[in-house]
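See structure below.
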Amino acid sequence: MRVLLDLVTIIAVAAGALFIMAGTVGLLRFPDSLSRLHALTKADNLGLGLIVLGLLPQSQSLSAMLKLVAIWLLAQLAGATVTQLVARAIRRDGQPV
Amino acid sequence: MIAAHVFDAALAVLVLGVAIWTVTAGPAFAAVIGFVAYGLLLALVWVRIAAVDVALTEAAVGSGVTGALLISAAARLRPTEQRAAAEQPGPALRFAAAALAVLVAAGLAALVLFPAEPAPTLAPAAAAHLQALDVGNPVTAVLLAYRSLDTLLEKVVLLLALMGVWSLAPDRFWGGAPKLWPGGQRGGELTLLARLLPPIGIVIGVYILWVGAVAPGGAFQSGAILAAMWLLVMIAGLQKAPEIGQWRLRLILVAGPAVFLAVGLAGFALPNGFLSYPEEYAKPLIIAVEVVLTLSIAAILGLLVAGPPESERQR
Amino acid sequence: MTAATLFGLCGAALVGLGLFGTIVHPQPLRKILAFNVLGSGVFLLFGVIARRGAAAAMGGDPVPQAMVITGIVVAFSATALAIALLLRLSSISGSATLSTDTSARPDGSGGGR
Amino acid sequence: MAEFLTAAAAFVLAMVALGLVRILRGPANADRMMAAQLLGSGGIAALLLLAVGTETPAAVDAALTLALLAAFAAVAFASSVPRSGAGERDATDR
């Protein structure tokens, strides 16, 4: 059982790290602000989400698990809001090339 | 253990890199964003050197009120930026400053590399008080019992800073309300966030305060979180900033230091001196002081960001 | 090298960096930022002293840690006061410069400060 | 397991550092705002991995605080920058 849980952790955390890497590659490669914003959200949503998922089996208690999920949900809310605010700022002032 | 070393090395390089960016970046806004990022990284450093209480404070203050204060200031000062930046100091002054900075840094580095042996510590002295206080978090115990005088004076400093900010208002605005950044973007997602987040933030603030008795957390961190939530509501325009002439507001501002001082003075009469707690009531008294302190800290930090009053007093 | 030594050296470098920025930057806002970098370097050195003083089953000496916590909050309040002064200066004079001369001096002879 | 999680934290930090280099340079202030966002989520991930990897459970509370305040800088940015200033490029940029 222990081994199985550890395996879940390793797979999910590695996948999360991969998505964070994908986000970074997007930031480095994409030509304009809006597409960079798009790349950034991948790291937020899936990267952090998968890492949280991977850490859940390592939690000692139910409350620790709930706290991890709460962190992910809060990060989602923040990510959604920030993306909107930044995208609006970009659109309002024209796309810098 | 190797992974931890790699992490530390990467973190140190990143902290220094972002600090260099903050000091050398061209536009002021870029430097401010660098500084916000720098604060976030410092929180990671504090976790690595076993000071999670400080990490929490850095996270709460650095990514909350400090970020808001600096970003709005950079936006407001933008029109003046180029002219001020033109006054570059001459090469002689730059060289002298660089030499001085290197000298100071080298001296401090020498202190780090060749420290006093054995390392001086007050941990045993602080630990001796922990049992009597029934407070599990040593940092909270130091802040509110062992070195409580520092904490009391620090509250007074916060109040003085707020009075300094208020005193910058023109005479006709005295007693009026600060304005939080008119002219910016409003509505939509900002309103949604300002409705959704504060209830959650208040719960988390109370949690951080409560857990502070036994684990990292406490009045400062909680106060900074609550201040950020209050500011969010005011920035979104859901609630106006309060008029600084209101006596109720002023009562909240001074309540923290006043209750702390009252408990401290009571120490003369009951146990054995200023700022000492009677042993059987130590924990409830500390928690009561912390609750009031949290409210005062939240109000003071929020008003410090809001700035001096910019409208005439109603009535 | 232990983590404490590494971050102690990092703190020393930050103090030097912040000091340099505080002296050479002509813009007051940048001076405030650099001063905060200096301050955080000092806090970091305190943290390293705390880490070395680990005793009595604690990860670090709680006394310097508590001082850093009050220090962070005081540094914030000082920053807020400085920024309020700066904004007032710019709203009165229309410029945010510490030079006593009203015209900017690009020749680098420095302003009165 | 602890070793793996700490290594993952180091990896996340390195990725964040790379991304940071790109967006701090701008050219628009909106790009720089993304830096705060990137570091917010990356920092949370690194803190959570460290909390389990190095057995400092209280670091989760620091991550919770960061997650709560993650949007705050962007809110200050969007609401304090007057019209036509947010996406504007810097004249002083190199």
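For clarity, chains are labelled A, B, C and D in written order, and residue numbers in each chain start from 1.
Throughout what follows, a residue touches a chain if its C-beta (ideal position, glycine included) is under 8 Å from a C-beta of that chain, and two chains touch if they have at least 3 such contacts.
This one's a predicted model, so the numbers in the text were calculated from it and none came from an experiment.
Contact with both chain B and chain D is made by A. Sorting all chain pairs by how many C-beta pairs they have in contact places B-C at the top. A separation of 14 Å divides the Cα centre of chain B from that of chain C.
Averaged C-alpha coordinates put the centre of chain C at 21 Å from the centre of chain D. Remark: chain A and chain C have CA centroids separated by 32 Å (rounded to whole angstrom).
Contact of a single residue of chain D with at least two other chains is seen at positions 4, 16, 29, 33, 40, 64, 68, 70-71, 75, 77-78, 81, 83, 85-86.
Residue numbers of chain A whose C-beta contacts span two or more other chains: 74, 77, 81, 85, 88-89, 92.
Across the assembly, chain B contributes residues 4, 48, 50, 76, 81, 85, 185, 190, 193, 197, 200 that each touch 2 or more other chains. Every pair of chains in contact is given here: A-B, A-D, B-C, B-D. Across the complex, chain B meets chain C through its residues 4, 8-9, 12, 15-16, 19-20, 22-24, 28, 31-32, 35, 38-39, 42, 45-46, 48-51, 53-54, 57-58, 61-62, 65-66, 69-70, 73-74, 76-77, 80-81, 83-91, 93-94, 97-98, 100-102, 104-106, 108-109, 111-113, 115, 119-124, 126-127, 138-139, 141-143, 146-147, 150-151, 154, 157-158, 161-162, 164-165, 168, 218, 220, 224, 297, 300-301, 304-305, 307-308. Per the touch definition, chain D reaches chain A in the complex via residues 1, 4-5, 8, 11-12, 15-16, 18-19, 22-23, 27-31, 33-34, 37-38, 40-42, 44-45, 48-49, 52, 57, 60, 63-64, 67-68, 70-71, 74-75, 77-78, 81, 83-89. If you check the complex, the residues on chain D that touch chain B are 3-4, 6-7, 9-10, 13-14, 16-17, 20, 24, 26, 29, 32-33, 35-36, 39-40, 43, 46-47, 50-51, 53-54, 56, 58-59, 61-62, 64-66, 68-73, 75-83, 85-86, 90-94. Of all the residues in chain C, the ones that touch chain B in their complex are 3-21, 23-30, 33-34, 36-37, 40, 43-45, 47-63, 65-70, 72-74, 76-81, 83-88, 90, 94-97, 99, 104-106, 108-111.
Across the complex, chain D is touched by residues 1-4, 6-7, 10-11, 13-14, 17-18, 21, 25-27, 29-30, 33-34, 36-37, 40-41, 43-44, 47-48, 50, 52, 55-56, 59-60, 63-64, 67-68, 71-72, 75-76, 78, 81-82, 85, 180-181, 183-186, 190, 193, 197, 200-201, 204, 208, 211, 215-217, 221, 225, 228, 232, 235-236 of chain B.
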